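Got a structure for you, written out below as structure tokens; questions coming shortly.
Naming follows writing order (A, B and C), and every chain is counted from residue 1.
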Amino acid sequence: MGGAVHEELTALPLVDHHCHGVTTGPLDRPGFEGLLGEGGRWPGSGLSPFDTPLGLAVRRHCAPLLDLPRHTPAEEYLARRADLGAAEVNRRFLRAAHTSVLCVDTGYAPAGATSPGQLAQAADAVAHEVVRLETVAEAVAARGVEPDAYPEAFRAAAEEAVRRPGVVAVKSVAAYRTGFALDPARPPDAEVAAAARRWLAHGGGRLADPVLERHLLWAAVDLGLPLQLHAGFGDADLRLHRADPALLTDWLRLTAGTIPVLLLHCWPYQRQAAYLAAVFEQVHLDVGLTLHHVGPARARAVLAEALEIAPFRKLLYSSDACGPAEFYALGALAFRQGLAGLLQDLVDADETDLRDALRIARWAGAENARRVYRFSDVS
Amino acid sequence: MGGAVHEELTALPLVDHHCHGVTTGPLDRPGFEGLLGEGGRWPGSGLSPFDTPLGLAVRRHCAPLLDLPRHTPAEEYLARRADLGAAEVNRRFLRAAHTSVLCVDTGYAPAGATSPGQLAQAADAVAHEVVRLETVAEAVAARGVEPDAYPEAFRAAAEEAVRRPGVVAVKSVAAYRTGFALDPARPPDAEVAAAARRWLAHGGGRLADPVLERHLLWAAVDLGLPLQLHAGFGDADLRLHRADPALLTDWLRLTAGTIPVLLLHCWPYQRQAAYLAAVFEQVHLDVGLTLHHVGPARARAVLAEALEIAPFRKLLYSSDACGPAEFYALGALAFRQGLAGLLQDLVDADETDLRDALRIARWAGAENARRVYRFSDVS
Amino acid sequence: MGGAVHEELTALPLVDHHCHGVTTGPLDRPGFEGLLGEGGRWPGSGLSPFDTPLGLAVRRHCAPLLDLPRHTPAEEYLARRADLGAAEVNRRFLRAAHTSVLCVDTGYAPAGATSPGQLAQAADAVAHEVVRLETVAEAVAARGVEPDAYPEAFRAAAEEAVRRPGVVAVKSVAAYRTGFALDPARPPDAEVAAAARRWLAHGGGRLADPVLERHLLWAAVDLGLPLQLHAGFGDADLRLHRADPALLTDWLRLTAGTIPVLLLHCWPYQRQAAYLAAVFEQVHLDVGLTLHHVGPARARAVLAEALEIAPFRKLLYSSDACGPAEFYALGALAFRQGLAGLLQDLVDADETDLRDALRIARWAGAENARRVYRFSDVS
């Protein structure tokens, strides 16, 4: 992989605008495989999560970072990983990602995962925090609240959560809890209270009520911070077709002119997400999570679809790494190789010139995120 | 870009079966940028519509047609454009498109746009007219009609509109007004009158009622002319997922054996459109509008999906150019390069022979449209 | 087409886990063309099903198997086909497919099609049988049943059908009859009886009732055999968007841990199918039918999407050939060329090593099917 665009992206420290903590404890084979699969954890099936595009990519691209040959078998890979220990493994992969800023979703992390501070140190990067609003809501329920007080209690808790130093964005998993086919209107507090009553009567827990999700999304608008929204594939509890970001169109129209919205993952709806980014000023997209799952070999095809009509100021980078630190290295590698391959070919075909291609690379790799999150102000 | 298929397509005058007028007045930077973005017009955002695949394509492929170097910066491009004046600019781009026939949608055009006649002259082509049925309906409402008289008044107005010389087709933007998930049955006049009553009580205006749209689509069947239907992305007021042409299946089944239906744009549902074209005799498709938005660099990928299963007699060319004459040149270029690249590779891989490849190129570029619109009869 | 992966796949006898009988009688041009088009049969239109990617592939890849030059015109192709006779033609194409096992859906076949035994002999393969459950249900209705007795009568008939020797799976066309957006819960017998009453009151016939389809799908769970489910494009009576396999998510969640589910065709939702295969242990996919329709030239692109995130143990091969024996040869060729091209490029780019690539090829071509259908036990 060569060319000037690739060199630029290799040298460029990425802004990873959505990620999670990495595992700090030892990982045996079932433990590691359980974190490899997105939803698929099938002990006893004889099927290994290593036998996936992601598994091939780990053995190909991560093994050399642990001083192993390319394509090292899984057993040997895990043995070496255990020998080095989690701290050293995490440090290597996080450094390999070559990231300057990490926006860490602290609302979801595997047991014993790194804090943002630990992550920042291992990566030699600045860490910011992203507040997951469903986690805030569930905590409000868990500590006890009257249904009528819930609308205001959630708003207050969210405001308090984002006032903590280092918080740069909020996030919702509405796509996975209810899907995006929601009534776009802001629900009146009485309706929210009634929904909260039903939810709390069942002991609270996992928030998956459409009225409560709408309340949460509109609260995000009031908070004024950028809102990250998962779209497309991701958690195992989703219904993929309900996570098509096009379903959010009416809500985006109603909230135009308020907060930046960042569509995460998007696959296989990256074209739909790109359309929204082309039409709505506030909408941005990334193909995080997708990148390490499809691997460097296929990242370019997905990025090409994401960039078919999207404005170049709207594509961001995120790893959505969570658990094994490998995902940090793989996401960054797939992004750099995929985007560089795509842009370099445009230059080679004289469809654009190198100056523009380099600018697009820097925008997507770092500067778009700096603009959206106003990092010149806070970091 | 070389090869026999490319030569054939370069020499072939295209039939552009769906397009609009071009701007005749001067365009300053905000004015030009406002016409570049599909929906996205974000003054003050610091985001320029030039920073898109379309913007790169303008600077790469249109600049030389204005005697500028490739990749000319936007400012210089617009300065040169202003120096030459709209008439010369339009003439250059329209000639570059090398089109023999233009089917001009006169129901929507930017202020001060060319008439079909002016367009024909600038392009050295024959211009026909496409009647936009929503515009007809809105005109019926605007000049005053009793709700009970609306069903018949609309039919009469549509019949009168298509009786004008040069009209070869009608068009509906149902995809953007209500989406395609409509009850497929022909609505009884009483139901149409009731819907008209609600519409007219609010002063008429933008037609977006599902019953009135159904009435309009069935009126198109009665008119007997080919019906152009936008599908997929396009106007800024749409909900993308409702413009999936697959949603129209039941209506297409009910109206099989009547009028030709031409699905326009289709992106990102070009595969769905191709499926319909494969299953229904009356259905055809193009990837107009898409072509200049994705640019020549990506047109081939989109065309490849559109042609995965589609009969070769079902793909047509349209630019859907509207506003800047650049879109005429870019649409034609992207179509020629994309289709030629795709077909030439098939020939080079011996998946087809050159004779068949050239035939497919001529069909898609001109002959399929001539057959559907019976141009041997009317032009 | 060269390389070690291609050699491996060429040498590997495929397991074709879903196919149909082939025509045994003579086929004139209208007859052959009628079987070429998927739904599109347009006599008198002047449009020939030969003018499709499938038609090009027949003339390119099947002609040489009848001792004709590549790209032979349709007339000469059909004349030679008639001269050789159906038996010889079928034998040539079935042998060219180089298949060791055929799982034949006996619930749908063109008039005068081969039996599984005849197919096995012509192909020099072992034939198993797949029971189409809608056919079983329709037969129960046809021979007369009281609505209240229907739920049990269908279950008994299905159990009897699968107890016949050689039956290895059941199949449902729910995607085409009702679509997948069904209530996922098992319907109580009283509800099934009520639906049967409505159905039988109209004389039974084509089963397309959502409650009866749910009953059928849950009966499949009780039968314990692998369940084949069409998804995406296929029969002409479908509504494509309702055949998106993502719509089946809730049912797959409810039935996890029971029977293997095999999503057939999937196009254009191969990414959605791959997602389900990644998330649910029991879900597998193929791109059968798609392969011969898009042809060898485009099979790789479709397979690449199907394999973007899918576990390599989840992709199977099927031809879904039905009618002309050409489809057996073309499906196998497109699968071998597409998968080999894709894997060989991964090897050449050092994204995987040859050993892994060969293993993936064997899995997809044969071993995944052997595992799912437990062929070591029954064949």
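Keep in mind that, in the parts below, a residue touches a chain if its C-beta (ideal position, glycine included) is under 8 Å from a C-beta of that chain, and two chains touch if they have at least 3 such contacts.
These figures come from a predicted structure and were not determined experimentally.
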Looking at which chains touch, is this a line, ring, star, complete or other? complete
Rounded to the nearest 5 degrees, what angle rotates chain A onto chain B on CA? 120
Same or different residue numbers at the chain A/chain C copy interface, by half rule: different
Using mean CA coordinates as chain centres, what's the chain A-chain C distance in Å? 37
Of all residues in chain C, the ones touching two or more other chains: none
Chain C residues within the chain A interface of the complex: 244, 246-247, 249-250, 271-272, 275-276, 278-281, 304, 307-313, 346, 349-353, 356, 360, 363
Touching residues (chain side chain A, partner chain C) in the complex: 37-40, 42, 45, 47, 49, 51-54, 56-57, 60, 70-71, 233, 236, 238-241, 267-268, 293-298, 301-302
